[in-house]
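So, here's a batch of structures to check.
Each of the next two complexes has chain A plus one other chain: chain B in the first, chain C in the second.
So, the complex of A and B:
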């Protein structure tokens, strides 16, 4: 099986590199780093990743809008929202738009790694 | 899997198959034997006819002989004989080897060989007797009457075999009946055993079925009891929730107590939540639950979004009291054949845990507060600290005495006296930078402010003052013991560092630098720029009581000047004044050992109009009095309790207590005060204090 492709969308450089470092070791092939929703959407179209980590509050196009646009293009991509839990309602809207999981910021590398493992598990009885 | 798994129904299916096979077997046997019995009935019938035919042939032979002897025609009889002979012969041969013969109804029928040794022996014997007679009868031919000799011959032969044939045919009939009866017996046996077996089989099925039914009933009952026990015993609230938000019919006993209602089964969960949470939380909870029914959402990865993880609810508890409880709802998916059918909801009352966490947090904050207190104490000069603690303890003692006095004076006077002490101590604590004492004094001041100006204050309303007083005593004690500990750590004997060599004229006395620091603090809070300068004698030359009084008064005047006098920098600039306001303090010693204090600020001076308004607001004057009163009398109002030109109350001013306290102090010391002010330019207080009795006593 070829390595799964990962796209990271977060407006913080620090968070992007933290996710990249943790998930690069997880055997994911990082195909793009986006600093806002618009970049994320363009990179998505160009690279067609299998997994996406998505911040919610980003300039230009926010995470929810971006998730909606990506979900319209691809029904299978797995999306993990990685955001600070200031408002549970917003995170729930993101899930309604098509994300499958949520990870609260700040997070440890182990938490991120577990969350991605859970996200990639086949949907069946699990 | 394609094959059919019989599973627990195997026995039942085998039994039913056996029942069908058995039934079919009996049916086939029944059919076979019955058809044989049918054939036997035909044989019995035919054997009976043989018996009759043997007699008829004998009779006919004798008739033919008799008619011949009498010369009568015998063609009819001869024909009858021939017919009887043919029928008897055909039937006999058919019995022996199988073949066709005529039935009773004259039809041609097929008869099978009788498959029985005994019957065949009878038939063989009959055949032996029959063959010669038959040959003789055939010899007659079938046309015309036989000759008398031939007729007599036949008649003799008939007589000879007649009885034997009759007997043999009788035996044959009996034998056939016997055979038929045997078969009927067999048939009955087959039927009886078939029915018996079927019955046994049926009973086995029934027994097996009932045993299984009882066993499964027992298991169901056991499971139900166990479930009941769990639901009755668990401390958690448990119930199932479907995707229409309806609660299941089963729930744990504890649930009713946790959510505060007995009406649970098939109720709308959201309706139960509605009175407990805000509309926003309710909406979020609804969406969260809907998400959990979506299979593509990862259950573990959304647990942190549960809006019902920490629900604070307030419940009336009779007598208008409210109790606060904290509930936690958890959700787990229930799947049947991979489909999410329900959510298992766990509800817990986490009040104890939350309260413990809150206590822990409060303890941590107290510890942090104590740290802050130590830092504050360390920044105050130890002798100042001791002086303040003594004054504060005295002050609190006075307050206590006021409270203890039964009916001594009017309540209003009492409150004003307590208020002044509180206000002075608050100011002193603030001046030393001791916020941990300034804050509780401020709180007590707030309570007193609520009581001031009230016509009738009852004893009960003094109660909160007592509570605050007690807290203040405790806080003072805490600070006192901290001071003592710090002193112990510092060591009783300290060697001071050598004093820097500075010009005594430039050296700023310590009390003055405290005034300056205090001025800066208030100025910062009020967004003003103010500088305080001092000229005059070294205050330490004065009697201690005068030193302390002057210190208190200056503190009060500073507060008053910064809050009411000095304008904001922008306003000052607009008026052509320097942005930074100036306060000048001057103290000189009187010849009698008393002291004169001059305090002047270059702020906006006293506003007669505002003082009028404030006096009316405080209820000191009616509007008419205020309008007609002389300016000087109006100015004097600033020393009245409760008169403040400031509308907002904060830590620094606004209750009009400061100058009231100053006037009290001056009166106690037997001094006088003069006020001078030019609106927009300055305000100037000049206080003259005579020598004090203890001072005089010491000098004498």
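So, the complex of A and C:
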């Protein structure tokens, strides 16, 4: 079985590394690291990942706009928002735009693994 | 900003350190800072606030604390660029978490990071700046909240 492809979008290098370390150990193949929404969109088109982790507050193109653009290209990709914007309104907005999960920052590696696990189980691909 | 709102930030910064390191930061008594005497350490992450509130929030820490935090997180790159990155991410996370209390109209900017303890951070002249002193791993840092209703 081929490993599912993961794209990570976050403007923090440290957060990108933390996510890559945590999820790389869970059989996901990291196909791209994006520092803003525009990079994420370009990398998405180039790599066609199965799963994305998406920060919301990023320069150039924010996460909500990026989710909207990606969702217009692909109805199946699973998107987990990983953000410090922890109010209900933001979570609802992200879900409405096409994200399937929301993880608050700060997070532990175990919480991230659980969130990704749930996201993939929902598709029957876990 | 009233006492209740200030406590929101105190709680957030304590929880941040507890979640990331397993040990909450010890928070001292917040005090009203003088604009020209606000604490600045080696790295400072500044978040602009707009929308329902206006002003800024900044987190400032010495390199020694940032190095310890990176090591605890399993990060092997202990460069100054990563110290700056972490400072901005902490400021962003604390400010973003405040939306749970202040609501979605508490808009936060992407972080701007200032390097050097000799720098000066300009806060709005007409908004009080509260200093929340904190200590983690015996190292002092500061959270400054200068926010008022728009």
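The criterion applied here is as follows: the second predicted complex is superposed on the first by the 119 of 126 C-alpha atoms of A that agree within 3 Å, B and C clash if a C-alpha of one lies under 4 Å from a C-alpha of the other, contacts with A are read in each partner's own complex, and residues count from 1 in each chain.
One rule holds in what follows: contacts are C-beta pairs under 8 Å (C-beta built on N, C-alpha and C of every residue); 3 or more make two chains touch, one makes a residue touch a chain.
The shown structure was predicted, so the numbers you read here are calculated from the model rather than taken from an experiment.
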Q) Mind checking chain B and chain C on superposed chain A, clash or fit? A) fit
Q: Angle at the Cα centre of chain A spanned by the Cα centres of chain C and chain B: state it in steps of 10 degrees.
A: 80
(Q) Just checking: does A:108 make contact with chain B only, chain C only, both, or neither of them? Give me first, second, both or neither. (A) second
(Q) On the A-aligned overlay, A:21 touches which partner chain: chain B = first, chain C = second, or both, or neither? (A) second
Q. Is A:95 touching the first partner chain B, the second partner chain C, both, or neither of them?
A. first
Q. Which partner does A:118 reach: the first (chain B), the second (chain C), both, or neither?
A. first
(Q) A:80 in the overlay: touching chain B, chain C, both, or neither? Say first, second, both or neither. (A) first
Q | Where chain B and chain C come nearest after superposition, their Cα distance in Å | A | 7
Q.
Taking the stated contact definition, name every residue in chain A that is touched by chain B in one complex and by chain C in the other, in rising order.
A. 85, 89, 93, 104
Q) In the complex of these two chains, what residues of chain B are touching chain A? A) 280, 283-284, 287-288, 291, 295-298, 300-302, 304-307, 335, 338
Q. For chain A, which residues are in contact with chain B within the complex?
A. 80, 85, 88-89, 91-93, 95-96, 100-104, 115, 118-119, 121, 123-125
Q | Residues of chain C defined as touching chain A within the complex | A | 15-16, 19-20, 70, 73-75, 77, 81-82, 85-86, 88-89, 92-97, 99-100, 103-104, 106, 108, 110
Q) What residues of chain A sit close enough to touch chain C in their complex? A) 11-15, 17-18, 21, 57-59, 83-87, 89-90, 93, 104-108
